[in-house]
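Both complexes below contain subunit A, partnered by subunit B and then by subunit C.
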Partner chain A sequence: MKTTEHITQSIITYIRENFPRARQTELTGEEDLFETGIIDSLGILSIIGFIEEKYTIQVNDVDIVPEHFTTIAAIARYVSNASNGAVSDGAVLQSDTNSAG
Partner chain B sequence: MNFHRGVLDLHAEAEISRIQTGIQQQVYQVLNKHGAVIALSGGIDSSVTASLAVGALGRERVLGLSLPEKDSRSTTCDLGKLLADHLQINLIREDITPALEAFGCYGKRDAAVKKLFPEYHSGYKMKIVMPQDLLNTGRLNFFRLVIEDPRGNQQSRRIPPGEFLEIVAATNHKQRTRKQYEYYYADKMNYAVLGTPNRLEYDQGFFVKGGDGLADLKPIAHLYKSQVYQLAGQLGIPDMILDQKPTTDTYNLSQTQEEFFFALPYEEMDLFLWALNHAVPTSEVASVMGYSTHQVEWVFADIRHKRKVAGYLHAPPLLIEDIRDGQLNHVQSNSIIESSLEEKNENY
Partner chain C sequence: MDYLLHHLLLRSAQTAPDKIAVIDPEQTLTYSELTERAGYLVEVLRDLGVQPGDRVAFFWDHTVEQAICILAISAVGGIFVPINRLLLAPQVMHILRDSGAKILITQQQRYQKLLASQNIRSVVSSVLFEEDITGKSTLVPAAQRIENDIAALLYTSGSTGFPKGVMISHKNLLSGSSIVSDYLELTPDDHLLGVMQLSFDYGLNQLITMLDNGGTYSFLTYTLPNQMVTALQEQEITGFAAIPTVWNSLLRSTLGSIELPWLRFITNTGGSMPEMVTSFLRQALPQTKIYLMYGLTEAFRSTYLPPEDVDRKPASIGKPIPDTEIYVINEDGTLCAPGEVGELVHRGPTVSLGYWNKPRETARKFRPNPLSSHPGSDFERVVYSGDLAKFDEEGYLYFAGRKDAMIKSHGVRISPNEVENMILKTGLVREVAAIGVPDQYAEQVIKVFVVPMNTSDHTILQAQLVEKCMQSAPDYMIPRYIEEIEAIPKTPHGKINYPQLQNSQVSTTH
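Up next is the complex of A and B:
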């Protein structure tokens, strides 16, 4: 089982490799990823895609809130909880296709 | 500054006069052009901009363009013509569909959509939306793709970044192609191109760089959307245009600006933006607008996040070395005009 520290390091590596503004920034895991301009709405989709694939979880729309995605540490806690099954309603394996009608 | 629901009320007649004086000075003196070209979408912003230009330059020096494509609402051309007839200005219609087909706009967009919905074909419609629960959850911005089959059944799915970029890159051809036509006629007639963003759009980056974001002059960019409506009333813009709900007119499935970008009705977003611009305390905003402080903070955060992206959209080409001295003094003179306008705007 991955620890939160492992997950944090993995996310830092991913962000460093995929977000240009993070390449020359020392990431502690606690900085606000939006206020620093490292990620935006497109970046959110990218990070969600990464954690869904790497940790075999599915993030539902209701979980895409600042509490879970503003900092790397928050994302790591979210992934850790989801991996352990102790998650909010959204982070479970379920269909991502909703009716919009 | 005291914050209340009437902070955006303005003296419409005086503001019209001020903008028209600005248009005259900038088109004739700064830009050295004979008149103005304006693309008429049938919406409130382009209608007000055209009406202001007619008052400033005269109807014989304003050219309206109607630039529909196959995904445009049927009302786009009708309302553009209604406005042109109302203002008694020349209107040229150019269907940009063939140009977009040549660029591969529709084919590339549809190919990206099919990656998420293999059943999608030419009989379907589509749009991109944001979740509409900002005030309930504080959710971050992300996008869903919505498709509708020929029988009206809809499905939606969150868009992975690759497909999102493919769809946006393809559909941005629409705004950039329209701008090509605007500058074609502007070059041909030695006219200036007038852009039509209001303050919400300009501030938060609701435009395509090199597309609808490109213009020689943006006469209403300092006005909140509510103020644009106030001017529209004073200018006598036809009711059929005033009654239209603001749309993007980008995708073939009906889509409001709230769904795609702003998340809140413009009347509310205007007030939030004004409050943020004037550093009104969160508690005061909450009290006046009837929301919780958490909700106000969520909206302020949403505005700040969008401004981060807007910074890139507004940025001129970057230079390694500043060369504004000497041969580019004309650029500085334009900046002075802009600074002057920004200072005036702060008075609102």
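Up next is the complex of A and C:
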């Protein structure tokens, strides 16, 4: 789905900006973030902080498990589900907010 | 009488051979099995000609093999050199060369990935892999040693240059274990969850206290904080030790929403705990005792705050551990009054033997007791920690910063000098200075100020610098921020003016 793909791209951009080791390889979104050494256990916390802020969602602590946080694609799917399909990039999210208000 | 590290294993194996000693996700070894695995490695090492005092390094995942290595190396009379599993080839090679290791024990996959391209055979005479160390045999100690002999070299970043090997004696290890066992009230029923590497004295001591008490130690490598909570629950863990960055990560876990009735105590060292984290842990684990501690590798452990004082003195690092004196000394070498900040000086049986092959650095850090009542006929050495501290009126200690510019990131002590050397080696900059800046997750991250060699594009320089550093250093040493400046500020003596660089942060960033 397009939105999940968008989310994947934003996470990739964030990771490339903040995790130098990610710049050495092409990221498809399917690679194991930990096994490839792209991020470590502290890095995942900063990614969680990023998606919570960007997509105004609250990641439930129970959900921070390998199933949802081992690959970028899995994180994107999680975000997409968490925001109930209404998730998108900044502009659309803002218009959503406007219509809600 | 138990006075060498492996004596602890032999005693516990005799008392309770079928008790579980060590666990990792793949293997569970009883005391008798651990003894036999170590016994086999003793034979292998002896056959390779390991002599008393020879250094044997291991570079391995955080698994039971590390326990086998330290015990076998101790029993063969050697000195074990644990290598942080996160290090890359240049640091590993530095440790092998600096320690003069005769043998490296490592995993095939690790070796292929990191070390195969290095000329490792010019440094060590043998490399042992999985299949070389897997076997069982009766453990027969192979050498005469005494308690003051060196048991281990633990590599730690000093304020200058490359990491230095701190020489830890058998006596240091055994004293450390008895002291900690005393105040944590450890028993054979204890089962510790070990997430700290054995290349850190803190992690190593957890394993040793369990061998000493006949308890159980579980190795865990985690990526998500919930994996620690699951282990605490499923393995019915009674004691758990970590550093502030790990506790901080547990804020994003299910800790607090599940019952952990077995968890008797938790301990923190490696940095002061933010009060917010302490109060979260008090709420999440109301039945669990919290020990806030302070120490440095050179003297292992110095202070702890008794759990009953945590609510009253949450910012304190506590009081001296048993059998230990802590002084706060001012510039004149005399004791500070309560409230006065001075250097923390440690005296006691855990004072290590100094730095391997570094007599000058050793003499600077390990000095005669300034308060000795019989100076001149006193061979005792105390450790000058380089940490600033003060006592309050009731004799509780408070950490007040570093005397030097050491950086603390991901729980690791990093010398600015080491980062600066790494940056200079890239050949891209003329001058560089590294400092630590606060970070929400990692305690501090590294910021470097650089004077570029050529006036080049800022973005390209940053990318090139980072890329070159990535090839030679683990992630925690890679600068997060790079700022170009025209000149590095200096003190009148020509040294980098770190306080000025730090102060420039307060006003300009975040």
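Everything below uses one rule, namely that the second predicted complex is superposed on the first by the 82 of 101 C-alpha atoms of A that agree within 3 Å, B and C clash if a C-alpha of one lies under 4 Å from a C-alpha of the other, contacts with A are read in each partner's own complex, and residues count from 1 in each chain.
FYI, a contact is a pair of C-beta atoms (placed from the backbone, for glycine too) under 8 Å apart; a residue touches a chain by one contact, two chains touch by 3 or more.
Computed from a predicted model, the values in this text were never measured in an experiment.
Using the contact criterion defined above for the overlaid structures, shared-chain residue A:23 touches subunit C, although it does not reach subunit B.
Taken together, the two structures place residues 34, 37, 40-42, 44-46, 48-49, 61-62, 64-66, 69 of subunit A in contact with subunit B in one case and with subunit C in the other. Only residues 20-21, 23-24, 34, 37, 40-42, 44-46, 48-49, 59, 61-62, 64-66, 69-70 of subunit A touch subunit C when the two sit together in their complex. Only residues 222-227, 245, 249, 252-254, 257, 410, 440-442, 463, 466-467, 469-470, 475, 478 of subunit C touch subunit A when the two sit together in their complex. If you check the complex, the residues on subunit B that touch subunit A are 129, 131, 137-144, 146, 152-161, 164-165, 298, 301, 304-305, 308-309. Residues 34-35, 37, 40-46, 48-49, 61-62, 64-66, 69, 96-101 of subunit A touch subunit B in their complex.
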